[in-house]
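Heads up, there are several structures right after this.
What follows is chain A paired twice: with chain B in the first complex and chain C in the second.
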Partner chain A sequence: MKFFKLLRFDLKNGLLRRWQGYLILFATIIFAYIDFSIRIMEIRAGGIYGQGEVSIGTFLFYLFGGMEKYVPSPANPFIFPALWILVFIQILFITLYYPFDNLNGIGKNLLIASGRRKSWWLSKCIWNISSVCACFIIIWLTALVCTLVTGGELSFAVGPLAEGLFPKALWIKRPMDTQLFFYLIPAPLLVAAALSLVQMVVSLVIRPIFSFLCSAVLLGISIYYVSPAFIGNYAMAVRADSIAFDSVDGKTGLGLCLLIIGVSILFGYLLFGRYDILGKDTEK
Partner chain B sequence: MPVIELQNVTKALKKNDVIADVSLSVEAGTVVGLRGINGSGKTMLLRLIAGLIRPDKGTVQINHTKVKSGLDFPESIGLLIENPAFLDSYNGFDNLKLLASIRDIISDAQIEETLSDVGLGQAGKKKYKKYSLGMKQRLGIAAAVMEHPDLILLDEPTNALDDDGIDMVGRIVRREKERGATILVACHDKEILTQMADQIVYMDSGKIVRTESVGQVR
Partner chain C sequence: MKRNVLRMELKKAFQTKMFAASLLIMSLVACLSAAYSIEVYRDNLSMLQSISPDGNFSKNYMLPVLSSYSAWIGNETRSLMQALFYMLIPVAAVFPFGSSFLSEEKSGYLRNVAVRISMPFYYFAKALACFCSAFTAVVLPMLLNFLVVSAVMPSSLPHAGYEIYYVVYFGDFFSDLFYSQPLLFVVLNILLPGLFAGVIALLAFTLSLKIKNKYVILFLPFLFFLGIEYLASFVLRNVDGNVWGYEFSLTTLLHASVPRGDKVWWMAAGQMLLLLGCTIPVLAVRSKKNEVF
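Right, the complex of A and B next:
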């Protein structure tokens, strides 16, 4: 019972009452859709990539496309996928401070009242995953509304426009609906949840801001290297296997994300059991 | 019968012993004052007893159960440690109600009564962010005692309080002691401690340097 009361508190105060972060994310997605619409107009005006219809899938492909494999050369400048990283950075920032603030505020009393460290940790894990899910629900709903308003199709078909959005990708074949669903819907969510949980565990050891920087660096490395070891790769639809060469395997990504989520929860659980709860002003 | 028993407890932070080989036994129903300069280890000792930090060496037992292996936190504990922190957007009453909702052992009327006891009867409806430092401290004291716990740990409870507030702390400590609670109060003010405590433990550099009963101090 005490656990559910703690969880209720976390969902109310760590999620609902922290609506400002979600509002900024919503604004980012609106901005991204405007940017996407301009890009589509440019692609259509160019006339190279055909006149396929815009769908919610096309927009999500643009948002979670990431970057084609980077091959360093003077003729190939490194163009940072700013939108992709901005979305993930925002999600990771939204989930950054609440556990820390909670432990240094009223949460300390709630933790003692609950009587169990494991209750606090598990409640924070559920809150963390719920927050990431809330971010993606905002992204999906905003994408849905924008697509409907602009007369787009409600499908995950990205068609020839995808090639125009990522002209440097080495396509094996034209992206199909079913192949992309995983990379557009569950994959980014799983990657964000895994990173967010790792970030929360690391925040037990180093200051949250440094933990956040570690997450950002990991995303940056994922952009630079196409490697199954860097989970950011699985959140880039343009690196989806069977669509493009230089890709990563979706099944491996799914397994890796679930493994990271499980290990983070377990490791954090063990770590928090012996964690010293000091005040904000007390250096560790 | 001792409620709190620390045996050769050592705790290091950043390779410095903040608590060094401390042994302490506190009998049920007594008020023990902890006195020492800043950084002497008073707050760390309270944190160890509360289960917020774990000893590197030695054992902390509350009611004969080892903190760490047997229980995460003492079952019936009220705590005021460092600056009290509550939710800014809630009023005083709602903050206390939120805390009380976890154990769910006291009524709204008892929360209101506690608010009144600490001098926040009317201010209970005021948003926490509008509280003065003294009012925040009073609310922290209310949170520590509202459920009438068996063990109460108060770290510098008179911080930011006026004379009336200091009297209020003394009154509450006496009342809780009469009820049977075991109370530890960390304070650097000798006069305040002698008014509240049965025994004063002096700390320096993480060690207990001497213990005096209040009769001796006076």
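Right, the complex of A and C next:
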């Protein structure tokens, strides 16, 4: 019973009352859709990839496409894919500080009143995953509404124009000829949830600001190196093993994300059992 | 008394763990970038030696390209670390002292200061400390990178014929210096990010007057400049180059060799003035109307 009260409190204060972050994410997605529409117009005007229809899948492919494998050369400087990193950094920032704000304030009293550290930690884990899910619901709903408004198709098939969005990619199979649902919907969500939980666990050891920095650096490394070891790779649709030459295996990604989520919850629980809630002020 | 406050603020700024962490992280990134450049240089060198062990080349192997001036972090474009360094400048700028005002306000320290010294001077000392710590946290790692790279690679004068390899084109600001006075070019390209870092720290100080969440103060400039980077990539791709072709994202503008838009001096100066215009007047007004009690 106490656990559900804690959870309700977390969802109310950590999710509903922190709407500003979600609003900025919503604005980013709207802007990304405008950017996407202009890109599509250019691709159609070029005529190389035909005049196919745009779908919600095409937009999600653009949003979570990430970047083709980087090949170093003087003529090809390395620049981060700003949109992809901006979306993930925003999600990770939204889930960064609530647990520790809470622990420095009223959360300390709630934790003592509940009498169980386990409840507090599990409640924060559920809040964390719920926050990530809320971010993705905003992304999906915004994509859905924008697609409907612009007369696009309500389908997860990416269409032939998707190839033009990532002209440097080496395809082994055309994106339009494969099912990319996993890379468009569950994969980015799972990667964001796994990173967000790891960030929360790491925040128990080092300050939250440094754990956020670690997450940002990990995203950067994932962009630069196409490797199954760097989790960000699984959130880039353009590196899906079914279409790209330089790719990562989706099933491995699914397993790795679930493993990271499980281990983070368990390891965080063990760490939080020994965490000094009175002596450590993460605000300092 | 005023001198003591100034000295104390500067001492606090340079003795925080956050300043040490900032300096350490940026130095690590800068050294890794240097390591990448040196590795590329050694690969090239061994390839040249295998082609001609006696040093007589029958073809042009573009030796001036293998220069420390084209391999230091400000001109190196291929490693992850150079991109990370420029992306993290807003973080490194704000970490050392950007949220100090908020901490002092929350702890009640500000009230103790208010009864001892005029608030405008306290604000001035705080702003100066913010600026200096941010400047140092960015400039020292860049300097370290240049010194490490120069210790291994020859500092040969860049040849204008190879501009596509240096990616410093005519018309980019300071580009004429790159081909005539490269050391001065390097110094200016180290100072410029340092100055911007200082101004970004002032921006964080200004934000802390209104925003009372430390995490937001520390990362809002970073998220803002990331957003500007996306906006710049959008504008430069979609707007006709004859209408607007100027680079305005600081992440790219401050890097001497990332070719996306035209790099013009007035864009850097304009952004500097804009940021100063958003911070200095606000701080000046607030310092006179500050109600700490």
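The criterion applied here is as follows: the second predicted complex is superposed on the first by the 273 of 284 C-alpha atoms of A that agree within 3 Å, B and C clash if a C-alpha of one lies under 4 Å from a C-alpha of the other, contacts with A are read in each partner's own complex, and residues count from 1 in each chain.
Following the convention adopted for this analysis, a residue touches a chain if its C-beta (ideal position, glycine included) is under 8 Å from a C-beta of that chain, and two chains touch if they have at least 3 such contacts.
This is a predicted model, so every value here is computed, not measured.
By the touch criterion defined above, A:S73 lies against chain C but remains apart from chain B after alignment on the C-alpha atoms of chain A.
Contacts of A:L254 after superposition: neither chain B nor chain C is touched. Shared-chain residue A:L11: touches no atom of chain B or chain C.
Shared-chain residue A:I138: touches no atom of chain B or chain C.
When the two structures are aligned on the shared chain, A:I277 is found in touch with chain B, with no touch to chain C. Touched residues of chain A, counted separately for chain B and chain C, are more numerous for C. Look at A:A82: by the touch rule set out above, it reaches chain C but stays clear of chain B. Applying the stated contact rule after C-alpha superposition, one finds that A:I221 touches chain C and leaves chain B untouched.
Put simply, chain A uses residues 283-284 to touch chain B in one complex and chain C in the other.
Interface residues of chain A facing chain C in the complex, by the touch rule stated above, are 28, 31, 35, 38-39, 42, 72-80, 82-83, 85-86, 89-90, 93, 96-97, 101, 208-210, 212-213, 216-217, 220-221, 224-225, 283-284.
Partner chain A is touched in their complex by these residues of chain B: 13-14, 47, 50-54, 71-73, 75, 77, 79, 81-82, 85-87, 89, 95, 98-99, 101-104, 143. Touching chain B in their complex are the following residues of chain A: 2, 5-6, 9, 13, 17, 104-106, 108-118, 273-274, 276-279, 281-284. Taken in their complex, chain C has these residues touching chain A: 21, 25, 77-80, 82-84, 87-88, 91, 95, 103, 106, 164-165, 167, 213-215, 218-219, 223, 226-227, 229-230, 233-234, 237-238, 252, 257-260.
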